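Before I ask anything, let me first share the structure, which is written out below as C-alpha cells.
Naming follows writing order (A, B, C, D and E), and every chain is counted from residue 1.
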C-alpha cells in the first residue's frame, strides 16, 4: 500500500478542507483503532461544505448515520475513496434533539435514502430534503424506533407475552 | 440537476399508467416493490419501495450483549452470511484489540470465499432465470449444493451460519474438507466452459444484456455504488484489495473490472470473481498454517468505550459496521452499511427509458438481497 | 377385419350417409384424444425438463408419474372458480371456451394416416391457419377482461406477436404449396413419398419452425406469459378449470403445429415397415420434443427484438425463399 | 461500402448466433442423458455431517449414566432468543445441583450454538434431527431430558 | 407440561391435538371426496412467495437435489393458480396487508405452511422491544403445518408438505372446519 501517496492525499485533503471550513477542527484519526484516517468535527451546518469538497476529490459517501446520545444526536458521515491509496474521512456533528440539520442530498443523491432512513429511525428532519418520508417502517407509523427512549410499544406487547 | 422524482398519482394521465411490480412478484428476489410509471412498455419513472422485510436488526443489537448479535449478522444478508459473520467478528476484535490466530484467519478466508462463490452462483443464475432461461438456474444450484455441503461440514448449517466467534472460529476444518474443497474447485472449473457456452455466448443472452442498464462512473459516485456493480463500471474498487483486512494481503488475486457498465459487464465481473475466489481458496489451502483456532477470549466480552468503523467486502459490495460502545456488555449502537441499499437506489436513475424486460434484467444484474436492504 | 363391415355401422351409414358418420365418429375420437394427448404432453414436458435439469420430474403418481397431469386436472376441477369483481364477466367466461374451439377444429383436417383423416378438404391448410389465428382473439379477450395490468400487457404482446409471425409462417408454407399446387394436406403428404420437402426447402423449414414456436407462444418467444416479467401473462387471473383450458389449448396448439411441420416437411405418414399412423406420431413427437428442448435451453427475447426479428429477418428471408422457389420451379 | 460491410456483419452475426444456439442445445441434450443427481428424499436420506446443527440435546455420559447438566443457567442467559428453560434441584443440601427439566422452544431457536459453547460441563450438543414438521405451533417445544431417556 | 409459572416458554392454551380427529365420511360422497383429496394432495401447487432466508431453502427444495416436482409440486407465480402458501420468512407489519390480499386471492381449497422459525413465532427476531414484525403467521393466517428450523433443511420442508398431504387425506381439515361451523351455529 503506497503510504507516501496517501500522506500526500491526506495533506491535500486537509488543505482544501481547512480552506472550506476555517473554524472547524480537523483531526488525524487513528486508523488502526477507529478505521478512519481523518476526522472532522463540525460545530454547525458545515456538512454541505464538507460534502462538496469530498465530491470534488471524488470521494463517495459511504454512509450516514446518527447516534442517540442522552442530550443530543450525533450525525456521522463516512466518506472514502475508490483510489488505490485508500483513505476514509469521518465528519461528525453534534446537534440538539430538536435541530433540523441541512441535507447533503443535493451533492450526493445517495443521501436521499440515507437521510430518509435516519428520519425513519430517529425522527431527525433534514432541511431541503426533496422527499422526506418513511422508508423502512410503514408510512403511518408513529414511532421512531432507534431512539433510546423508544420503549415497549403496542406491537411488542404480544411478543412479550410469549417471552414471558 | 437531480433527475430523481418520486411517483405522484396526480401526474398519471391516459397515456401513462402505473404498475406495481411486487412486493410479491417472481422476479423481485423476495419482497421488493418497484412502483413504475409506464408508457406502453417503456418505463417513464421507477421508484423502489423497500421495507417489506424490515426486521429491526439495529434495534435488536441495542438489546443484546455483543455475542448475541452474532447469529443475526448472517441473517442480514443470508446469501453471504459467513462474510458478514467474519466482518462483525473483525469489527469487534478491532474495537477490543483481540488477537486472532493465523489459522483461524485462514479458515475464515476460506469459508468466506466459498460463501462468496455460492452467493455469486445463485446471484448469476437467478439473474439468468429473470432473463428467461430456467435450466442454468438448476445447473448453478447443482454446483451450489456442493458448496453448501462443504460449508455444512464445517459450519453446521446450509444458509444462515453462526460459525465465527470473537477471537477465532468454532470448529476446525479437517482433511476431508480440504480435499473436498479442492475437488469442488476442479469440478467448478470444468463446469465454467459449459456455463460460457450455455449462457455467456448465447446470442439471445448477449442481445438481452449488451448496452442495457448502463451505470456510468459518475452515477456510481453519486449513489455510492460498490461491489461487482461498481466493478462492471470500470472502477477497480474492492475492499479486499484497497483496504486489506484479515489475511487477504498474503494472497495473490486480481480484481476483475469491465469498462462497459452494462448488465453484461456486471455478469462477467461476477463470473470472473468466482474464478478469483477459487484462486484465493487454493492459495489458502496450500498455505494453511497449523496452530490454535481460537485465542483466549473471556466468556462475555466488555469492549472499551469508543467507536470504530470496519469495512469489508461482501458478495454485493462494501459493507461497513459502525460500532459505538459505551463500555458495557451491550452495544450502544451498531449501524450496518449494506451495499444493496445504495446499489438499489441507482435504479431510479437508470431504469427510465427502458422496457419492462430490461428493468427485470437490470434488477437481476444488481443482485440485491432484500433483507439486506431493509435490515 | 374392417370395421366398416359391421352391421350396425352399415345401418348408421344407411341413415346418415358415409361422410357424416365418419365426421361424427372422428370428432368424438378427437374429443377424447385432445385432453388425453395434452395430458401426456404436459407429462412429457415435465419429464424432459426434469431430465435436462438433472432431476427426475414427476415420479410419485403412477409409474414414473404418468398419471400426474390427470390428477392435476381432477384437482383443478375441484378448485374454486374466481371471477374478479371488476372483470368483464361475459368475456372472462367466454375466453377459455373460445380458445378450445380452434384447437379441436384443426384436428379435423390433419392426416394421421392415409385412412385416418376426419375430413378431406381442399383448403385444409387454410382452415388450420384461419382457425389458429382465432387463438389470439381469445388471449386478447382473456387478457382484457381480467382487468389486470399484467394480463393486459400479455394480451397486447400476444396480438402483436401473432400478427408478426403469421406472415413468415404463411410465406414459408406458400413455398411448399407452389411446389405441390395444392392446399390439401393429403396431397402434400403424398407428394413426399420419395423425398421429404425439408431437403428441398431447408430455409422454409427453419422459418416455419421458428414461426410456429412463436405462434404457439413457446419459449424463447413466450413473452405472452413471461413469468419473470408478467407473473403469468394473460391467464394471471384465471383459476381452476378455466386455467386448465388455456393450458390444454396451449399443448394442443403445439401438437397441431408439430403435425403441420410433419406434414409439410417430414413426409407425413410416409416411412418404411410401420403403418402410417406410427410414423406420423413418431415424427410429431420428435418435433414436439425439439420444441420442449428449445424451451428449456434458451433465454427469452425482449419484445422489440422479437418484432425486429420477425419483420427484419424472417419476412425478408421467407420472401426471398419464396421467390427463389418460384423462379427455380419455372426454370426447371 | 459501409452498407455492404454492415450486411456482412449482419450475416456473420446470424451465423455465429445460430452456432451459439446449437452449442447451447448440445449442452442441454448432453445433460438429458447424464444420471440425475436427485436424492429421492423420503425413500433415501442424506447422512448428516458430524457438525450438522439440529436442535440442541444433552449428551449421555457412561460414567454417570446420565447427562452432566448442573442447571447453572448459563445457556439460558446466553441464548439470544430466550429459547431455553432449565430447572434443577439439589438431591441433598450442600450438593451440586442436577438438571431435572430442560425445555427448548425450537420454533424460536436460531441455531447459533452459543449455549453449546458456554456450557461449563460440555453436556450439550447438536442433534442431527431435521424432520420436525408439526401440526401445532407448540409441538416445536422439545423436552431434552425426555429425549435422553428415550434415546435408543 | 409447564415448568413453572414464570416459564419463558408459554404452553398452549388448549390442546390442539384434540380437534384433529378422523373425519366421518360425508354421506355417499365419501368416495368422491376421497378422490378429490387424492388429487389435491398429489398436486399441491405452492405460490412463488419467498420473504427472507427461508425462501432460498424453499427454492433449494425445488431444485435438482431434492426436486419437489416428484410429488407433483410445481411453483406457480400467481396466487390464482396456487393451492398452498408457503410463508417462508419474517412477516413485517408493512407486509401484512399484502399477505392478506394474496391469501384472499387464492382459490379454495387452500392451505398455509409456516416455514421457518420466523413464520412460526417470530423466531430470533422476537425480542423485547421489537417493533417491526408479526410474531407468527398464525396471527394472520390459518396455518396448517409448521416447519421449524432456521432455516429448515429442504428435507424438512418436503416432510412438512408430506405431513400436509396426510392431513388433507385424513380429512382433519374438513373436520375442523365443520366443527367450527357447528360451534358457530350452536352459539346462534
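Convention: a contact is a pair of C-beta atoms (placed from the backbone, for glycine too) under 8 Å apart; a residue touches a chain by one contact, two chains touch by 3 or more.
Nothing here was measured: the structure is a model prediction, and the numbers come from that model.
Engineer: Using the touch definition up top, find the fewest steps from subunit A to subunit C.
Structural biologist: 2
Engineer: Central chain, going by Cα centroids?
Structural biologist: When every chain is reduced to its C-alpha mean, the one closest to the whole-protein mean is B.
Engineer: As a test of understanding: of all chains, whose mean C-alpha position lies farthest from that of subunit B?
Structural biologist: Result for max centroid distance from subunit B is chain C.
Engineer: Quick check: more C-beta contact pairs in C-E or D-E?
Structural biologist: Here the pair linked by more C-beta pairs in contact is D-E.
Engineer: What is the chain whose Cα centre is as far as it gets from that of subunit A?
Structural biologist: So the farthest one, by centre of C-alpha atoms, is C.
Engineer: Compute the distance, rounded to whole Å, between the mean C-alpha positions of subunit A and subunit D.
Structural biologist: Each chain's C-alpha centroid was found; their separation is 39 Å.
Engineer: Where the CA atoms of subunit A average out and where those of subunit B average out, how many Å apart are those spots?
Structural biologist: Whole-Å distance between the two chain centres: 23.
Engineer: What whole-number Å value describes the gap between the mean CA coordinates of subunit A and subunit E?
Structural biologist: From the centre of subunit A to the centre of subunit E is 43 Å.
Engineer: For subunit A, give me the residues that contact two or more of the other chains.
Structural biologist: 136-138, 145, 150, 163-164, in rising order.
Engineer: For subunit B, what residues touch not just one other chain but two or more?
Structural biologist: As it turns out, subunit B has residues touching two or more other chains at 25-26, 51, 54, 56, 59, 64, 71-72, 75, 135, 138-139, 142, 160, 198, 202, 204, 374.
Engineer: Could you tell me which residues belong to subunit C and also touch two or more other chains?
Structural biologist: Residues 50, 52-56, 59, 227, 231, 296-298.
Engineer: For subunit E, which residues are in contact with subunit A within the complex?
Structural biologist: 6-8, 10, 93-94, 121-122, 126-132, 135, 139
Engineer: Which residues of subunit B touch subunit E in the complex?
Structural biologist: 23-26, 30-31, 51-56, 59-60, 63-64, 71-72, 75, 78-79, 122, 137-138, 141-142, 145, 158-160, 370-371, 374
Engineer: Residue numbers of subunit D touching subunit B in their complex, please.
Structural biologist: Contact set of subunit D toward subunit B: 13, 16-18, 20-21, 23-24, 27-28, 31, 37, 49, 51-53, 78-80, 110-114, 117-118, 126.
Engineer: Would you pull the subunit B residues touching subunit C in the complex into a rising list?
Structural biologist: 17, 19, 25-27, 41, 128-135, 138-139, 142, 198-199, 202, 204-205, 207-208, 355-358, 360
Engineer: Can you list the subunit B residues touching subunit A in their complex?
Structural biologist: Residues in contact with subunit A: 1-2, 4, 6, 50-51, 54, 56, 58-59, 62, 94, 220-224, 226, 230, 235-237, 242-244, 306-311, 318, 320, 322, 324, 332-333, 335, 337, 341-342, 345, 349, 374-375.
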